[in-house]
Amino acid sequence: MTVPAAWYLVLAAILFGIGALGLLTRRSALIMFMCVELMLNAVNLTFVTFSRTLRDIGGQAAVFFVMVVAAAEVTVGLGIVVSVFRRRNSTSVDELAEMKG
Amino acid sequence: MHSSVWLTLLILVPAIGALLAAAARRREGAAFAVGVTTAVVELVLAIVVTVLYNPHVANAGTFDFVGRWVLAAPFGLAYDVGIDGISVFLVLLSAIVLPLALLGARDRRREPAFVGWLLLLTSATVASFVARDLLMFFLAFELTLVPSYFLVAQWGGPQRARAALKFFVYTFAGSAFLFVGMLYVAFAHQHATGGALSFSYAVLQGTVLPRSTQVWLFLAFAAAFAVKSPIWPFHTWSPVTYAEAPTAGSMELSALLAKLGSYGLLRFAVGLFPLGLADLRPWLATLAVIGILYGSALAAVTPDLKRVVAYSSLAQMGFVTLGVVTGSKIAMVGAVLLMFNHGVITAGLFLVIGFIERRRGTATIADLRGLQGPAPVLAALFTVVMLASIGLPGLSGFVSEFLVLLGAFATHPWWALVATLGVVLAALYLLWAYQRVFHGRATGPNESVADATHAERWVLAPIVVLVVVLGVFPKPVIDRITPSVQQLIVHVAPAGVSK
Amino acid sequence: MSLTIPSIHYLVLLPTLILFGASLLLLVVSALVRRPLRPAAGTAVTVLASVATLVVTVAQWRDIDRHGASTTVAHALALDGFSVVATAVIAVSLGLAALVSHDWMNRARVVGSEYHVLALASAAGAVLMTQANDLIVIFLGLEIMSIGLYVLVAFDRERTRSAEAALKYFLLGSFASAIFVYGAALVYGATGTTNLSSVAYFLGSNVLLRPGLLYAGGALLLVGFAFKVAAVPFHLWSPDVYEGAPTPVTGFMAAIVKVGAFAALLRVLVSALGTQMTTWRPILWVLVALTTVIGASLAIVQRNVKRMLAYSSINHAGFILLGVWSGTVPGASAALFYLATYAPVVVASFAVLTLVGGEGEDRHDVAHYRGLARRQPWLGAALAILLLSQLGVPLTTGFYAKFSVLAAAVDAGGGALAVVALLGAAIATVFYLRWTLTLFAEDEGDVDRVPVPPATAIAIGLGVAVTVVFGLWPGPIAALTQHATLLFTP
Amino acid sequence: MTTFATVDPLFNHGVTWAVLLIVIIKAVVGFAALMGSVTLMIWFERKAISDMQSRIGPQRWGPFGLLQTLADGIKLFFKEDLMPAEADRFVFKLAPYLVLVPALITFSIIPIGGTVTVAGHVIDLQVANPPIGILVMLAMSGISVYGVILAGWSSGSKYPLMSSVRASAQMISYEAALGMTIVTVVLATGSLSTHDIVNAQAHGIWHWNVIRLGIVPFVVFVMAITAELNRPPFDVVEAESELVGGFHTEYSSLRFALFFLAEFMNVITMSAMIVTLFLGGPAGWVPNIPHLRWVFPILWFLAKTTGFAFVYVWFRGALPRFRYDQLMDLGWKRLIPLSLGWMLIVAGFLVNRSWGFLMAALVLVAYIVLTRAFELGDGRRGDVLPTVGERPLPGAVLRAWTDRDSREEEE
Amino acid sequence: MIAATVPDVLVFVTAALLIVVGALGVLAVKNPVHAALSLIMTLFGVAIAFVAQSADFLAAVQVIVYAGAIVVLFLFVIMFLGVDRREHVEVEPLVGQRAFAGIGVVVTVAGIVTLMAKSHWVTGAVAVSGQGTPIVPGSANVREVGTAVFTTYLFAFEATAALLIIAVVGAVLLARRERRRDEIDEATASAAPVTEGSDR
């Protein structure tokens, strides 16, 4: 038997937090985007851990879908980054100066 | 019992007139003609209804012309009309003010729209006076905002946009409370009886609510009506809006929309939550008295003639409020009568000021002087209306104010005593204003002010007639009001209102 | 080992199949013809698809009448009155938005059918969200809808701002998705399933003595939804995105995102977590209060009409949330009524903005609306009615929408919250009226008339007609939404 | 469908020290064998190419120049290790290992023989038999991209960077086709484990996947894997004429040797993988010689693998390099649709015959649609160079598939 | 629950270190390429955690999809755009925004962990729905995952098809060079005769 589920859950929560923090504090669109991936990975880890604890394969199936979504998001997201870059030579969110939050 | 078709016509005629007027945008003066025709038809209808009204209808409370159709059951929305002694005169008032406003304060700028909004406003006002359903009342009450907003915001003075907005936001915020309170009552009733959602006044009157709830609900209702009325300290929108509005707008606002507030207070807040009133009475009476004194004081010092009337309206509405909340039958009758009389008087005052403004382009007291010389008839007309407003015995204002004070003395002597001071102050500030504007020696542009034209005289004539007739012989009116007030008092009697 | 493939009720799937099928059809056809497709082709297919969807919803409604609500494909999708009405609303929004986009594309000289491909797919995603009965399916529907919208937001290649808005929308959108799916994971841990019916069943048959995990999951789900519907304080993206996106897209987005996200939110909160109402209500209370008041307040200071409408839409989101807050059957149907009446209005409003904004979208200041109703009475009056409807003036659908959510809230014991929301509405009147008044103000005289192409005119006309006709006679929609209750209500 | 034992029989009785020892021995032997064969492979390639080009090739060191590779290695070891000034030092050092390690790991899942029983322990003759088997290979081919892409990037130099970008695009493009052919194999086998895959092909040549699945997946796989390895004719990544020396231009000394090592290791591993997936792995005729029966599968395996290693060398010797756009064209427009369509057909036939024909019909329709779409797409793209008609690839089948549309236009 | 053995703890610690260090790397490093490398590290850590919890199939998919495709795509875009050597940074759009975000995230995560701990980490009934297939520890569960995907999550699986199509269409549309009708009219006018034999 492996280590208690709690360890993995806390690990996932920390990973999620780091991802969220990165998304909120970094200014480079690409890295913000990587942080989203971190968050999704935390979700996957959580799903798998629960799946093991609950002895239900559903959690693993859910991870499968999260991965598909991640792939789709990356495709479009990078497309947007490229598109922005083509129009303005930067991907830094701060430089979206025309906009005021 | 008469058919509710009359009331429906009263609502529909101006609405249709408004559409026709708006459609008549091509031809010069066509809209005005449509407006006047509509106004005359409306007035005739209103007079017919007033005459036909039977104050002793037994089987529908004191309401006549009743009719009820459920329009949208899920919302509890129903078309439910009927009038009693309280509302019949307010309907009449609406019908009287409309032609006066059209004829006396004609505005040729974008006339179709002007006439259209004015007619629409009348329609909404009449609808709210005849509504016997809380939701229908609320709808009409809110609908009055749109035309009056546009009237003020498009045809008003230099500060019109701000004034109109202030007016709209204040009243809208006030009605938020009314709306929630109304929903609460309806749901309380629905939960108690288990039937369909209904906002019918007659039905909701039967709802038994705990005392504390009634206090809260009364406050919620009062919030909306206090803004509209206005009651001190919710009046801050009124002087600026009255001053900035075009003459017709000021007339409608002060003569009718203000009455909507006090009417709502009397009909719905008092009628539905007698226990709430019982707890809140001293506070409301105090506010009313403060309003009387405050309005009078500011009317004395304000530099603008329109604002003088605005503040005097605040004071007069203080009397109405005092009459409504004291709970004595006499005071209530007085309050209802005062609503009508004040409506007539204030419309007259604004008309005269409008005439002056039309001639001089300003209503600032400091710019006016000695108008009596060049315009004696105008001065005379102003004097009559002003004296009525002061409450000179023999004119209509006196009767109603006297009744209010009489009733109030019986129940709230101290308050009444202070309020009496307001009568004195009214004499002071109005006479002073009169003196500054009409007396003295006319110089500069004031010298060449034209006297009242025939048209203007004819417009003011009905007001003068009403002021005099109701001052001398108010009995038929009082006779029609009393049974309804009596009915209301019987309903709220357990709360110890009657005296 | 053999698989038992779950039974599939194709009627349930049909709206999604039609919308997505139309999308694929356009995609394939545009790959197979030599010249790029004219916008007319895409518009025609989209409008037909939305009409077909509407027809299907009628059939679905009859089916529900006969057999009652049901789930299908291993309980992943629910067929209930709620989803049917929401689907119909999405279809209507899609059709109207397609008409508006048609003229926009002609004006901007955009060719090809990609716009409609994406719009149809987004709508399909939104429909999925309304039907989804499983957190994972909600998530996928959310993503299908959002991804289409991200691209649509970036669609205007003339303006840098469009792509920047897309980037911002994308980053915050995926942030929201991640939060949402983390919430789904925690709910899965708390209940052992992601299926909403099973969650409801589990929570109904077990009393959780230590519901911390469930609370955490529910809160995260709520935050995810709050981002999507731009509830304060999760609204920061919305004004920028609304402003940056091509105007027809903004209207489309404002309509379908709200319908999809609120439908899913209702299903999650009311159906699945209905037993936990006492827990999520206080959170929603705060959200509603903030959203209505702050949304309206921030709208006042805007000069750009698109941003103004963005904040106004935040304000509306607050009102719809109020219906959700009630957590009752009337609350759900009130929220649905609100959505059903708001969607056409907002699409039509943005249609007017599209026209006035002009090519290059540089005429979005309130000042550009000066005297519009004088120059073009019909257009001006239409916008005035739409604005007044959003304001909630009686005799428009906006009034009944606000009425029903407030009624539901008061009924559920939220009088204070209703007052707060109404004060928010009172604040909102400031900018609606200021704008309306501008329409009727004297203009400088040398302003050109705005061309009004027929398709957009139809869309605006329909929007106005809906708000006026049902404003005078709200019975049908009200009855429809009242019967459209959720499958599992506590 | 038969159920396969997915768990290594070695672990049937728990993990003991003896078992651990066996695992370690397997790993060491596998590693050593691979390293040894790499030296042989390099020698083999040089010799074979030399023969094709009528040269002699290495001959000085050892018999037939067999020790030439060793000598080259020693030379590289003593050369100066250069670090470009603009380089990203950490990544620059990391990259070679990222190429090497996946190659090694991939080899570990290849079954090189049947089973032997030593002291009661049943030992599979493969380093590891994870239940997810073939996915390890896909994963590792995914990882090996990083070595290439990071090596080029970290050099801080233009041409290597360009080469990296090409490499990443190429590898991603071909991975899809690769994955789908593997799916075809997995569909037919019903298991991901390489062990099961070879077992399923053990009953004669007609059960080999190359025949059982139709020749198409095999051909696609060979092409895709060649592209994955950046081997000729898909070696645009290191096209000397365009990109100097490719992504490892800036590398020298031992690090360069590591790249070199990895490339040849990959050739062997992928040859072995082809043999495992399509040619029955160690399957073959086994003469009934007591105690030596276990040797023959290994010999069969080695023979097949060597044959394939020769094919790679042959490619290199015989075929000119693709242009970059042709390469992408081939990957996206031919191989991916082809492998996808074939996968669907195979899946259909696995259910039953009518489904198979239905799928085939659908694929045919899709093919027609795609051809039309591609043709139009080429027509719309005004600024791109026209594609070349004759594609320098072996195999008439593939040419027929890939060239059909251009031939039609010729007519 | 049986107490964890030393190897299990070691595996966990390895995974946790990889995950946390990698994540912090993404959070902290300047260079996007390094961030991508850190991301891979985290991804591998997660893959190890998957294996340790008998989700071998997912671990493989994790490496194939995330490391093999997603991060490569990242790197590809980074290099394609040439944004690797600089990150335009260090303007605070809102005063104290970063500190605020930091506190917010820490509080949220702490809150989630506390709530989870209070509910003893997991409260769902074991295989409550009865639709899911149970996990067999020690096997790869490929078959079980497949079964779940094609039964319980059949619809979700079909929805992914739509998702991926829309994503591809969107990405192609975004990355394509912009053309407007007038340009295309020109292009087709000149290209039309060429298309017939353009392959030469």
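A few remarks follow.
A, B, C, D and E are the chain letters, set down in written order, and residue numbers restart from 1 in every chain.
Quick note on the criterion: a contact is a pair of C-beta atoms (placed from the backbone, for glycine too) under 8 Å apart; a residue touches a chain by one contact, two chains touch by 3 or more.
If you're wondering where the values come from, they're calculated on a predicted model, not measured in any experiment.
Counting hops only between chains that touch, chain A reaches chain B in a minimum of 2. The chains in contact with chain A as well as with chain C are E.
With steps allowed only between chains in touch, the distance from chain B over to chain C comes to 1.
For the pairs C-E and C-D, the count of C-beta pairs in contact is higher at C-E. The greatest centre-to-centre gap from chain B, using C-alpha centroids, is found for D. Central chain assignment: C. Criterion: smallest distance from chain C-alpha mean to the mean of all protein C-alpha atoms.
In whole angstrom, the spacing between the mean C-alpha positions of chain B and chain D is 92. One inter-chain figure worth recording: chain A and chain E are separated by 6 Å, centre to centre, where each centre is the mean of the chain's CA atoms.
If you average the CA atoms of chain B and of chain E, the two centres end up 67 Å from each other. Separation between the centroids of chain D and chain E, computed from CA atoms only, is 26 Å. Within chain A, the positions touching two or more other chains are listed as 9, 16, 19-20, 33, 49-50, 53-54, 56, 58, 62, 65, 69, 72-73, 76, 79-81, 83, 91, 101.
Annotation for chain D: residues 376, 379 touch two or more other chains. Along chain E, residues 57, 61, 69, 73, 80, 112, 116-117, 121-122, 124-129, 131-132, 147, 152-153, 156, 160, 163, 166-167, 170, 173-174, 188, 192, 195 each make contact with two or more other chains.
Those chain pairs judged to touch are A-C, A-E, B-C, C-D, C-E, D-E. Those residues of chain C that touch chain A in the shared complex are 136, 139-140, 143, 147, 150-151, 154, 160-161, 163-168, 170-171, 174-175, 177-179, 181-182, 184-186, 188-189, 192-194, 236, 239-240, 243-244. Against chain C, the residues of chain E that register as touching in their complex are 111-112, 114-129, 131-132, 143, 147, 150-156, 159-160, 162-163, 165-167, 169-170, 173-174, 178-182, 184, 188, 192, 195. Across the complex, chain A is touched by residues 1-5, 8-9, 11-12, 15-16, 19-20, 23-24, 26-27, 32, 35-36, 39, 42-43, 46, 49-50, 52-55, 57-58, 61-62, 65-66, 69-70, 73-74, 77-78, 80-81, 83, 87-91, 93-94, 97-98, 101-102, 104-106, 108-109, 112-113, 116-117, 121-122, 124-129, 131-135, 137, 141, 144-145, 147-149, 152-153, 156-157, 160, 163-164, 166-168, 170-175 of chain E.
Put simply, chain C touches chain B in their complex at residues 388, 393-395, 399-400, 403-404, 406-407, 410-411, 415, 418-419, 422-423, 425-427, 429-430, 433-434, 437, 440, 473-475, 478-479, 482.
Interface residues of chain A, counted against chain E in their complex, comprise 1-11, 13-22, 24-28, 30-31, 33-35, 37-38, 41, 44-45, 48-58, 60-65, 67-76, 78-83, 85, 90-92, 94-95, 101.
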